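Shared chain: chain A. Partners: chain B in the first complex, chain C in the second.
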Partner chain A sequence: MSVNLAQETVSYAPAEGALSSFWLLIALPLVSAALLLLLGRRADRWGHFLGCLSVGVAFVLGLVYFFTLRGLEESSAELTLFSFMPVSELQVDVNLLYDPLSSVFVLLITGVGFLIHVYSIGYMAHDPGRRRFFAYLNLFVAAMLLLVLGGNYVMTFIGWEGVGLASYLLIAFWYDRPAAATAGKKAFLMNRVGDVGFLLAIFLMFATLGSVDFEDVFNGVPTLSEGTVLAIGLLLLLGACGKSGQFPLQAWLPDAMEGPTPVSALIHAATMVTAGVYLIARSHEIFSANETAQTVVVSVGAITLLIGCIIGCAKDDIKRVLAYSTVSQIGYMFLAVGLGGAAYALGIMHLLTHGFFKAGLFLGAGSVMHGMNDQTNIRRFGGLFRYMPITAVTFGLGYLAIIGIPPLAGYFSKDPIIAAAFARHGWTGWLFGGIALLGAGLTAFYMTRLFVLTFLGPKRWTEDITHPHESPATMTVPMILLAIGSVASGFLLSLGLVDYLTPSLGPETEVEHGPLSHLTVTLLTVGVSVIGAALAYLLFRRGTALEEQPARSPLVRAARANLYADTFNETVFELPGRLLTRALVYFDNRGIDGLVNGLAAGIGGGSSRLRRLQTGFVRSYALTILSGALVVTAALMAVTFGS
Partner chain B sequence: MTPTYYLVLSAALFTIGAVGVLIRRNAIVVFMCVELMLNAVNLSLVTFSRTTGTLDGQIMAFFVMVVAAAEVVIGLAIIMSIYRTRRSASVDDANLLKY
Partner chain C sequence: MDEFPYLSVLTLLPLAGAVVVALLPRSRPELSKVVALVWSLAVLALTVVAWIAFDPNGERFQFRESYDWIPAWGVNFTFEVDGIALVMLALIAVLVPVVILASWHDADGGRRSVPTFFALLLALECTMIGVFAAGDVFLFYVFFEAMLVPMYFLIGSYGGARRQYAAVKFFLYSLFGGLLMLAAVIGLWVVSAEELGQGTFDWQTLASLNIDDTVGRWLFLGFFIAFAIKAPFFPFHTWLPDAGGAAPAGTAALLVGVLDKVGTFGILRYCLPLFPEASDYFAPLALTLALIGVLYGALLAVGQNDLKRLVAYTSIAHFGFIGIGIFAFTTQAGTGAVLYMVNHGLATGLLFLVVGMLVTRRGSALISDFGGAGKLVPLLSGVFFIAGLASLALPGTNAFVSEFLVLLGTFDVNRPVAVLATLGIVLAAGYVLWMYQRAMQGRLNPALEKAEGMKRDMSRREMVVVAPLVALILLLGVYPKPVLDVINPAVEDTLSHIENLDQAPTAASGEE
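What follows is the complex of A and B.
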């Protein structure tokens, strides 16, 4: 793609050479998923290898395409495969776009996805549904790749829906557990709420611009009225919130923990939740054109990151704490992409580093559960460092990365976001910067609590656990690789990612300085994180109570109840809907059915009364005939002689 | 010839027949009253035939007699079978065909 500064037009170069086959990226995992599902039990013995192989080959291809793209001058490749919906005005092609933004997502999805696939071989070794599991994982990867490679909004939407379907299948993978089945349904339904927004945005684009291609839409944005741009932006944001678990649609994400742990890692690190960030970064032309839309994105990010942090402090379930940390980290990404300008690239960078350390943390959590009879309560862990050293070290590196300790990955990606938030003009800079800073402190607190309670301190195990054990190599090797990523990715990405993404995300690469210098913000962030971590260490190094203690303050009570997110959704979204249906049912029963039924009852009642005339007495019939004849005769006579 | 007396007689017979159909219960009597009405009509047909000097009315009267004869055959058969099943010739007892 080349951005011409004078006219601000967007145009994508056609795909040539090696890049003309980049549809293989999507096709490989898709074909593998289809094979695994269609072959059924025949593929049980080797299905997991095929699943890993397809994603692994896709990763290698992704690397090849990545370096091919770097060699190109236009740094974009558009591929039109065939016509999808040719309906007079509406011409939608199956076209794919490979540009710097897509390329980094492809590498994240296939790379981290591949490690998670390998880990799943060990994690799901004893599960009879392992082949089905790998089929769904491949489907998930294929859908996510279609999402990031789609060349128009409809293609992106198809991938978007595919991700929703795959997440439903995977969260409810153990469908015989009621909790898992419900969680799957909840994720699916809450995603639908967001999808409606995305769909309406596509309709609006077509209605106002006559096209859904990225190229046409981005070039058409300056011709639109301010209100239309705002509407499209907010509708896209609603879609992004649903998929990424942002306020007010964040409640499904922690419940998604009912699925197998590799699924949580896949959803939280490589796929699904990153889709919202991708959508906003991809549509940056729309968001940059309207400041109100940007402010809303920033606010959503800020609110969500606080919500995630506060609830994260109150949870005792190892996976749920990580889930809420995802919620808050995605909040940071939304904050960044909402700030606009150079911060888009920062959001993507945090997304990539987060992909490494969050995948590592989840796989670590899965490894802990694997050795502890699938328990998840951190109050009953403790002292596991000696029993699972590899898990502890890799988890520890991920933990240090997420709280932003230099020189690990989180420091390089989170720190600039906080600085960029402070740089926002006026008092909003202080507000959003302050929230981001507070979030960093809280993150350090609850992640330290999680780490200390799990790996350090005294043993607080339940009676049935005698020998916790380290996991097999198929599980530890991916964890080690991800830990290396958590350590090194931040520094490596900070060298060139922002410049690399320039063709996709606009020419600004320098983050402006706000009232605080970059060094001040860095010192503040690291300081706050260290204070949070130290506080948690001092509080929890001797362990904690075995059972949840009664809440002493309303904040704790609210945090344990997920800040009443479910109640909020029930009152704001579900209750009006339920009342509306009830009113409609009432109107339907009493109004429309009443009219029809009343008419029928009237005719029925009238005729049953009329029926009484048929007495069965012949003489009364004779009288009727006679009277009728008399009346007719009288009428005839009146007409003939009357006048 | 003045048709008045004949017509008045015809009307009187018809009325007697009609009233008989309406007020009597015995099927045989009702039947006889029906015959009375038919023959009252025959009388007026013949009367008008005489006054106009054409034969149409008399031919019609023969038709009515033939139809009446056929009717008597069928009607009496029905009354017989009703009497056999119900032990009664009252028309009010045969009132099954109702609402």
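What follows is the complex of A and C.
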């Protein structure tokens, strides 16, 4: 048990002073959501302001708590509100934890969330369901905050399913569109597959450690067998893959773009889909204790980042390109948290910078759609720079950030991940580092394609569009602020984030050096990105065909078909499921019920008599009961007098 | 007896109400509705008082009353409740007034007597309270059979299409089970007569007997099959979709919400403590049937085209979860199973009532007759969605707590069953969201738009019907502790009969 001695025990300090009210972070948006739903049409005129206000106040509180926590020595605050599920040994409380890791998530969720709320005022101005939209957005923020503030795995799980519900409601917001309703259902179902993993992990923790509290679980990890740790890790990973759209549960995320664009920015780019990364980082004691689990996480990340890049190159829908880009960028984050050690913090850093630039890119896409009659096909854009300068510049900064051009945000966060991947021991370092590097080049390629086809080159608009317009200030101001974040956040975070997160993520802060020096990796990454971008610029600066051209290579065909993930799911799960259901319905009606009815007919002496029974001679049933009662009486008398 | 006789009064009060309402003239239908509603609210008020008077940390059985009935055979009017029975009484007391208000117009139309309908509902309440409050096995049997009568007439006289077929099927199934149980009840009496010299039906005395293994197994089966039909467990379930589909919505809510719980309650109260050895012996069989029920019921629910039948099949899946929780023999799973009985009553009760409101408006229960209804009746579809969320056990709703406890408690001792049952949560999401999509989302069905009833969203009366259920679903989802504290001691005592109390998990793991 030497490992146990070396390991520091995890313990959280009780919340005191200002921090004892941090439950307000969750309560504010939750109450706002409830009011907006309960008041109904009465709140139509001012509902969106309340929605923004609740998240804005939560952001201000988040800042206050952040600085309070920095002034504390313990750098954690635990709050137990009331007992939730007390059943003998199982004691689950409504328990919240505020520590460096949750504090940065709170700022991301409420900060970026607030900007997207403001943006939605303009974006949804003409939608009759705007109040309902803000109610769902607030519900989402509350659930997401519960997810990152939960102090035990059950609380995290409640937030986890809560964001799933909010995501479903928002994807299917325009529920009269069959595609939106189907996409919402698909997202919920695939998430539930992941949730089965999360639930089983919780059950396994209780069965082996007798607790689901973070402290008890983390401190108990050294006492567990290797197989148990691996099982818990892989089950948590399954949950993480569902929520974060990682292989093999990635197929729901691009379909989720059926929801309004602010939803894509907030939920399916900046916050909810990063919950899987949060879960793994939060459970780093579990993953760090098992190398196999880590290797699986790294592999999932590497596979997913390639899948996202390859499909992203082949899509023509501006939101779907961004969606696959999200899939791929979260792949980088999984890669980082799978590497473990100092790379946990790198994963979180990329998550935060990605929150800025990807939210900005989505809002930019929404602004383009807003000005182009909801067109989403990039083949029908072109030359928009002149008509939407603010959108183009803010989108452009987000684009440069995501492809990792120094000194923008993506450079500071993605580059170290690639370096850390190369530093992994043995041939796996070359493999994962190589994949990450290739991904950087592909990212530069498809993002450049997207930017050039949208904002540069010749106009390829549909006939109904004569004069595209820039969006109103409620939309452009959030875009400008996010663009500033896309430029500056990387540098600022690189100054102190890793050290700040140490109490949550463990003491290692230095990434080991691999066979390649950090400088070499940096030069390689920037070089590959520039090549990718240049190639795309040369190919697409003169525009492209208005319609999708028949694909010559099988790779392009596969990429356009989402690498056949949907086809696979349909043939392996949906079709057999549908057949099984149909067969069972038949079996139930004809098999079991037929047997029963046949039996009844046989006993009743033919079906004609049964039919007579069924048409209802109530007296005969009364008679049956009576005969039953007579049997009792007779039996009782026999026994009484017999003895 | 210095205590107020809560249980006999609670049982007789609705019976008196039934008589009064039945005697009201047929020409005064509105009066009979009001009297029935006020009467059921009085029962609710008395139940609340009883709940407050019940001491969760006291004796397991409280409010015991016993009166001689047939002394020669040792039959007594004995009433007593433990925490498990108490929460069921509370469920009945809440559901009956809600159902009466929801069924306000169900008997209108002049074809059948309105006062009789509401008198039958109160009579049903009497038998339901009696069956849970009985402390004498013979008395339990009498109420168990008596319950059939009002339910038979409610389905057969006031139901929808195929009501006769459904009512007879329900009746014959239950009667078959009842006769088996009767044989077991007599057998139990004989055993007690042999062992004590004087036969008895008193539960507390019977629970202390030492019954021979073989005899115990036979008697167990007599009770178990009766309860498995009532609950119902696979493969005894085919009467439920017919009965649930044909019964008026409010009656269906009581049938599935409360009446069927007599099956699972009976297993906990009679099978486990009276025949612990047999319970242990048959547990693998029972777990298998319950697990099949979880997956089979869910898959069949996905395949249904009729809203009411669909809800009935989801209940078969839910009864599977309850069965798993009971036969896992751990405190968490057992407590979860009892809480599940309450939660399912509230959630599925709400689901049936909302479906009833939809069916009344549309004049059809076929899902294909709906489509895009959310546009026409947004409020009703919102409540429908909340009931659906409770059915798929989303955290924040009451059903999550019970399902979580059942699965967690089962995982501790039987991992394969728990893992397979957990897959049921994906199927549950499937049938709920698929049903919601077909009925409420998508393009508006043109025929639906023309339906006169669909022009009105929820009325004031309907809001009063759903409000308490929605409130309880959310409240018990956030703060289930008061109910858990009442249930838990009774479950622990039940399991102590099996001598199989869950060991401390650290010892159970055996790892390292």
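Throughout what follows, the second predicted complex is superposed on the first by the 561 of 643 C-alpha atoms of A that agree within 3 Å, B and C clash if a C-alpha of one lies under 4 Å from a C-alpha of the other, contacts with A are read in each partner's own complex, and residues count from 1 in each chain.
We take it that a contact is a pair of C-beta atoms (placed from the backbone, for glycine too) under 8 Å apart; a residue touches a chain by one contact, two chains touch by 3 or more.
A quick note: this is a predicted structure, and the numbers were derived from the prediction, not measured.
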Who does A:Ala545 touch here: chain B (first), chain C (second), both, or neither? neither
Of chain B and chain C, which one contacts the greater number of residues in chain A? C
Going by the contact rule set out at the top, does A:Phe84 touch chain B (first), chain C (second), both, or neither? second
Considering only touches as defined above, state whether A:Leu519 meets chain B (first), chain C (second), both or neither. neither
Per the contact definition in the header, classify A:Leu204: touching chain B only (first), chain C only (second), both, or neither. second
On chain A, positions contacted by chain B and by chain C: 613-616, 618
Tell me, which parts of chain B touch chain A in their complex? 18, 21-23, 25, 30, 91-92, 94-99
Residue set of chain A touching chain B in the complex reads 611-619, 622-623, 626
Looking at the complex, which residues from chain A come into contact with chain C? 37, 40, 82-90, 154, 157-158, 161-162, 165, 168, 172, 175-178, 181-182, 184-185, 188-189, 192-193, 195-196, 199-200, 202-204, 206-210, 223-225, 228, 580-582, 584-585, 588, 592-593, 596, 600, 613-616, 618, 621, 624-625, 628, 631-632, 635-636, 639-640, 643
Taking the touch rule as given, give the residues of chain C at its contact with chain A in the complex, in rising order. 72-73, 145, 152, 156, 164-165, 167-168, 171-172, 175, 178-179, 182, 185-186, 189-190, 193, 199, 235, 237-238, 296, 299-300, 302-304, 331-332, 335-336, 372, 374-375, 379, 382, 389, 394-396, 400-401, 404-405, 407-409, 411-412, 418-419, 422-423, 425-426, 429-430, 433-434, 437, 440-444, 479-481, 484-485, 488, 492, 502, 504-506, 508-509, 511-512
